[in-house]
Amino acid sequence: ADTVKIGYVSPQTGPLAPFGEADKWVIEQMKTAFKDGIVIGGKKHVVQIVLKDSQSNPNRAGDVANDLILKDKVALILTAGTPETANPVSDACELNEVPCISSVVPWQPWFFGRKGHPATGFNWTYHMFWGLEDVITSFTNGWMAVATNKKVGALFPNDGDGNAWGDKELGFPKPLSGMGFSLTDTGRFQNGTQDFSAQIAAFKKDGVEIVTGVVIPPDAKTFLTQARQQGFKPKVITLGKALLFPGAIEALGDLGDGLSTEVWWSPSHPFTSSITRQSAKDLSEAYETTTKKQWTQPIGFTHALFEVACDALKRSKSLKPGDVRDAVASAKLGTVVGDVAWGGKGPFKNVSKTPLVLGQWGKGKKYKYELTIVNNVSAPRIPLGGTLRLL
Amino acid sequence: MNPSYKVVRSIQGGQALLAVGLALVGLAVSLPWWGESSWMREFVEIACYFIFAMMWNLMAGYGGMVSIGQQAFFGLGGYAMLVLGNFLGINPFVAVLLGALAAGLIAIPVSRIAFRLQGGYFAIGTWVIAEVFRLTIANIPAVGGGSGTSLTALRGIEKATRESVTYWMALACVVASIGLVYFFLRSKQGLALLAIRDNEVAARSQGVAVGRMKLAVYAVAAFGAGLAGGLYFVGNLRISPDAAFSVNWTAFAIFMVVIGGIGRIEGPLVGALVFWALNKFFSDYGTWYLIGLGLLAIVMTIYFKQGLWGYAQQRWGWTLFPTARRLVLNTTLATGLTPVQPAGPSIDGMPSATVNSGDPFQDGPNPSSRYAQ
Amino acid sequence: METLLQGLLLGGLYGLFALGLSLMFGVMRLTNTAHGDFIILGSFSTLALVGAGLSPVMAMLVTLPLAWIVGYALQRYVLNGTLGKDPLPSLVVTFGLSIVTQNLLLELFSADPRSIETNGLNALGWSITPDLSVGVLPMIILALAIATTAGLQWLFNHTALGRSFRAVSDDREIAELMGLNARKVYAMATALAFVLVALAGALQGMRTTVAPSDGPLLLLFAFEAVIIGGMGSFWGTLAGALLLGVTQQVGFRFDPGWGIWGGHLMFLAVLVLRPQGLFPKTRG
Amino acid sequence: MPLLALHSVSKSYGALKVTDSISLSVQKGETLGILGPNGAGKTTLFNLISGDASVNAGRVEYNGEDVTALPPHLRCRRGMGRSYQVPQPFGNMSVFENLVTAACFGGGQTERAAWDTAVQVLDQTGLMPQANKPAGSLTLLNRKRLELARALATGPQLLLLDEIAGGLTEHEAHELVEELQRIKASGVTMIWIEHVVHALLSVADRLFVINFGQKLAEGKPHDVMNDPEVQRVYMGMEV
Amino acid sequence: MAALLQTHHLKAYYGDAQALFGIDFELNAGELVAIIGANGAGKSTFLKCLTGLVKAKAEAITWKGQPIGGMPPGKIVRQGLAMVPEGRRLFASLSVEENLLMGANAQRQGPWSLDRLYRLFPILNEKRHLPGTSLSGGQQQMVAIGRALMSNPEVLLCDELSLGLAPIVIREIYNAMPSITAEGMAVVIVEQDVSVARQVSQRLYCFQEGQVSLQGLSTDLSKEQISHAYFGV
């Protein structure tokens, strides 16, 4: 029978490895789901999924994407997990004229980080995730619910996310000052920085009570331990990226309790898979049963990427890149992370948005730390689990 | 007064070799019409490695300057190309050349710092310099800072055109870099460079401007590295400081040169072929592949210093790019210096001089051994 | 004030990085481009032992003698063959070792950054004044750096081993004539350097996170400290390291993105203005 | 005007004063012989003249120009040719190429002209049979010959020769002397350091004796050799 | 009885260049032998072969009948051969006393100790803590000799002892010779100064171009023979 190959690129190793941790499991699940093949253009095709590791390294991500396109000759590439992987993969697809669906990057760093032009957009690359506007709304709403001096200290590194979050126009600074928060941003630092005393000193000096940012997990640990060493105790710590994962929280020991972060997917999200018909809760429980590990947020999105891919391939006239691309572009699908459809105005020609809420880590029953949703202003469909506590 | 003589600078079968070479180039030029686009991409990539290695060889193998910081110029070439293309709207392919030029020019002030150090210190010092460039670029938001940016200048150009132009350009650069190094080494300046490598003190006392020569070689090597960089990123569309200024570029160059044989033009050529083959068959082994490369470089350096081509040259006297000057006297006396061999036709039509006169000269053994350059 | 203090604490760690490099430079004129990777190797071996259930101190006690053996064997069987007037062989070989070490660690431990569990020691702070508090672990590191420097300097100046280090470094041929086996002396020097490297690595792993690809940056810091300090004296190396730490810290204050850049720039400035280093050897 | 004039030049290595305020001048066409015990500072004096070492004090004038601060390669291009006591060949290049290099850069010739010069010098110095051998493979004697040949190939006005006769057989020494006499007759000025005294005496117009970096004696060869101090210090024989 | 130290057709090379072309030499216990010869004749190379610094065939050099050619220098010095190298070559970063102690590395028993050396060269005692290289040439030469003696050798090889030294210093050093050889130590000196060589030695070898051109009892050889062998005239 004919074969259709789907490429998948994510960080399996390196500082961003937690983003790719669940991929192997999801892919196994997909192999079962696709074991009978899918019909494309009237012909049955065996599905083969090729997984490549970007090692959290943008250069490597581009290289493996090129390999997938030129050597493996995949029909479609899926990619997820921070701009460091998704952007170069998307660029390689755009360059080589192969369709690509990406996720787990706020859409601004994905679109503007790749120098996308809102008027023309991209021809081959499509993206599904939330945007900075959502994360700003969720974070600030959460902070306004507790008593603080509204002094915020920011940790924005010199990478795709950090540059977007900290951007004067697109990022945090403008809306924050609009809402009466003052922002201490000491500047972009290198990922893997071993010493945060400069930032800590600046935060202490400005009397910062809220710390936010988007840092990689090891840097969060370095920052938090050094803050403790140097006697800096903010009331709220809401970090993107670093605090998404239970493993990272556990590694922090006692420092982990009460930290908050953005939540893009959880078992309580009210959506179901178009392939397996599992609800979000079923999906996470299935993961926990097989792997004996606590659920993580990327599970939903990895799963959803395959949902969109499967749907598009089924609707595609042939395996010609142009046909597959057209099928992707015309997707209208309810997935386990919400509804996916492209074709809005400006950047939204290539971007489909999914909902976002705020969560907080606390001592759990089943696991050492569990995530509770504490603010849902920007996505009221997602049920609340509690309210934000101070540290 | 002078015995009549001839200076032979070619090898036997040179013309045949030249013909084979030209045929290969011709074949390569036509590749876009019959080959697959993945082949072109592969060639461009290996061409970048090769040009980079060739320049590293010129600098370390001939000039005695062992640098681990050549990625500075690779990255600068790439970024200069990007800035010229993205912001100034210059055709990216033209921008590649201009970027290389920029890298070469920047090398001149940089050399003032780097030349303060010698030997191993020079090596690591140049690495620090490369890091300074990396961090500087990473802190400039206009070029995307640490996350890098995409080359938008190429977006308007059709895929097939882009691919073949990039490919031809890489091919031209490969041929040009071989030609450049070859003719440079054959020239009077090449003689000076060899003299410096052998004995700096004596070279100075024979009137060779050692400092200027080293600077020239450093700048030319930077130009070549910049060229490789520009070319690489034109083929890749996306550039980031970590990729552009990665020490791996130099690591692979060192590997190729050491495997092929340092201080000979054939070295990087053979090294690049070996590297390409290893890469093709083993790169899927990922880290194990890299571990293997590292071990191979170590073993070669300790047990097999002259490299593959050096071995062939010693063993069988092979040379593809003759740069030596062999003196042949125009007499057929049995006791003569060198039997007037039917010296192979000159590979490139370099003049073989003949001066009249006819002194007999002293007896002597027959030194016909070729030797390493 | 706080910047200065934090800079000195950071410099203490760099000092530990640099001492081993300085030792190998000094005795063998060997530029070890794999130095940083060996530091990381030290971190990971301690880390693996802690992972296997040993306490951090026990793990270090196991790692240090192991490092001695590895260093000795490496010099004896690999690096000795590369010494000589031409710097190329030793550079290529150590560079090869760097790649091998990095990828081996990558294979064994993956690219994830990790840190060594110290049972909360790394979060302990010590408040000097109400607004000024420093980490206990960094203080310990600085103290160790100073102690190690003093120890090395003493070893070099006042023991038979130190005498043979200096002798082979001055004139290998004559030293052999005096009955020294230069290859063994070199091996001892590298072994000692490796102990320092392993110590530095373990402490680095406790203070912050380490990943297999961190090595080169550490090599550059160590190298800069050695050159800034000026060749030939360990106190100079430590001073260079402290200066580098303070400069970086000042740079971080100015803008976190430019801190390390500032350190590099200071190094280059020293190179241009005072190529012999700030505290060159003052003997006799 | 003398071709070369040293004005109280001094040089120390650490605490060791190797050249101690030496003044000397050499006229065009003259051959000056330099004698002195081992380690007296003869080679060092050459280094100061050729620019391989820089003076701590004093001045070097060449052709009326102050060349004290001039780097060696420019001094060479102004007409100073030098041979080294410890031969310094370009070991991986052939003898012929060694000479071509010297003629090209020291002599400022085009490559084509340099070939002519090289062939002529090869012929003149009897190195023709070795022309295509790598210089590194030569025997010591031939290396020393190459030193002379290379210095000649730069087309020197002033030739600095450091112990080129050591180890020659009687016959060879005789040939060398004849060769040097020919060079001298062609108008080249020479300074020659030599321990093989009888060879030196048959070419030198004047002798200059150094001991401990200082001038011990200077003058007509015959007078200098009969100087009791020179006999004692240099020949080491009690008179 | 076989000689203490013998060479049989010893050849030596520096890379491709041959420096010694078959040297036959012998030395008996308690003897003082001088080697003379022009620059580059191979005298230093010969001594380096004896001490293992230049490689030689094993059988080419025998020590008490045992082949020692090509042994590492460290082993040879433990057998009892010590060398005072040409140009002194003190360790620049070691003090006078440390330089002397380096000699004791061979750990051979015998009469020589720091104390005894300081008695022989009292000036060194005064300067024991100064860096070796800050001494005058003559004093450095004393350190170099002392360093060799500290290994309590049976044979002392001295290369160009008087090189660069004032005549008065040379005399001082040669005056110390008898007290050095008194206990039966054999000595080989390489000396440019023919008259000194003849005065102090019992036997003489003259080297020319890597070969022995003349040998015999110092008192038997005439000035003419020597200058013929030396200069080739």
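Read from first to last, the chains carry the letters A, B, C, D and E; within each, the first residue is number 1.
Heads up, the rule we're going with is that a residue touches a chain if its C-beta (ideal position, glycine included) is under 8 Å from a C-beta of that chain, and two chains touch if they have at least 3 such contacts.
This structure is a prediction, so every number in the text was calculated from the model and none was measured.
J.: What is the touch distance from chain B to chain E, in steps?
T.: Minimal hop count between chain B and chain E: 2.
J.: Under the touch criterion given at the top, what is the topological distance in steps from chain A to chain C?
T.: The least step count works out to 1.
J.: Computing the C-alpha centre of each chain, which chain sits at the greatest distance from chain E?
T.: Between chain E and every other chain, the largest centroid distance is to A.
J.: Once you find the CA centre of chain A and the CA centre of chain D, what distance in Å lies between them?
T.: A distance of 77 Å separates the two centres.
J.: What whole-number Å value describes the gap between the mean CA coordinates of chain A and chain E?
T.: Measuring from centre to centre gives 79 Å for this pair.
J.: Using mean C-alpha positions as chain centres, tell me how far chain B is from chain D in Å, no decimals.
T.: Here chain B and chain D have centroids separated by 39 Å.
J.: Counting in whole Å, what is the centre-to-centre distance of chain C and chain D, each centre being its mean C-alpha position?
T.: Chain C and chain D have C-alpha centres separated by 49 Å.
J.: Residues touching two or more other chains, restricted to chain D: which are they?
T.: In chain D, residues 137 touch at least two other chains, as defined above.
J.: Indicate the residues of chain E shared as contacts by at least two other chains.
T.: Counting only residues that touch two or more other chains, chain E contributes 134.
J.: At least two partner chains per residue is the criterion; list those residues in chain B.
T.: Counting only residues that touch two or more other chains, chain B contributes 135, 138-139, 146.
J.: What are all the chain pairs that meet the touch criterion?
T.: Every pair of chains meeting the touch criterion: A-B, A-C, B-C, B-D, C-E, D-E.
J.: Which of the residues in chain C end up touching chain B in this complex?
T.: For this pair, the touching residues of chain C are 25, 29-31, 33, 78, 81-82, 87-93, 95-100, 102-104, 106-107, 216-217, 219-220, 223-224, 227, 255, 257-258, 260-261, 264-265, 267-268, 271-272, 275.
J.: Could you list, by residue number, the parts of chain B that touch chain D in their complex?
T.: 1-3, 5, 7, 187-188, 191-192, 194-195, 197-199, 201-210, 324-327, 329, 337-338, 353, 355, 359, 361-365, 367-369, 371-373
J.: What part of chain A is in contact with chain C in the complex they form?
T.: Per the stated touch rule, the residues are 13-15, 17, 55-56, 158, 186-190, 192-195, 197-199, 201-202, 204, 217-219, 221-222, 225-226, 228-231, 253, 255.
J.: Please name which positions on chain E make contact with chain D in the complex.
T.: Listed in rising order, the residues of chain E that touch chain D are 15-19, 38-41, 133-134, 137, 160, 163-164, 166-167, 192-196, 208-209, 231-233.
J.: Write out the stretch or stretches of chain B touching chain A in their complex.
T.: Within the complex, chain B contacts chain A at residues 37-38, 41-42, 86, 135, 138-139, 141, 144-150, 152, 154-155, 159, 236-238, 240, 242-243, 246.
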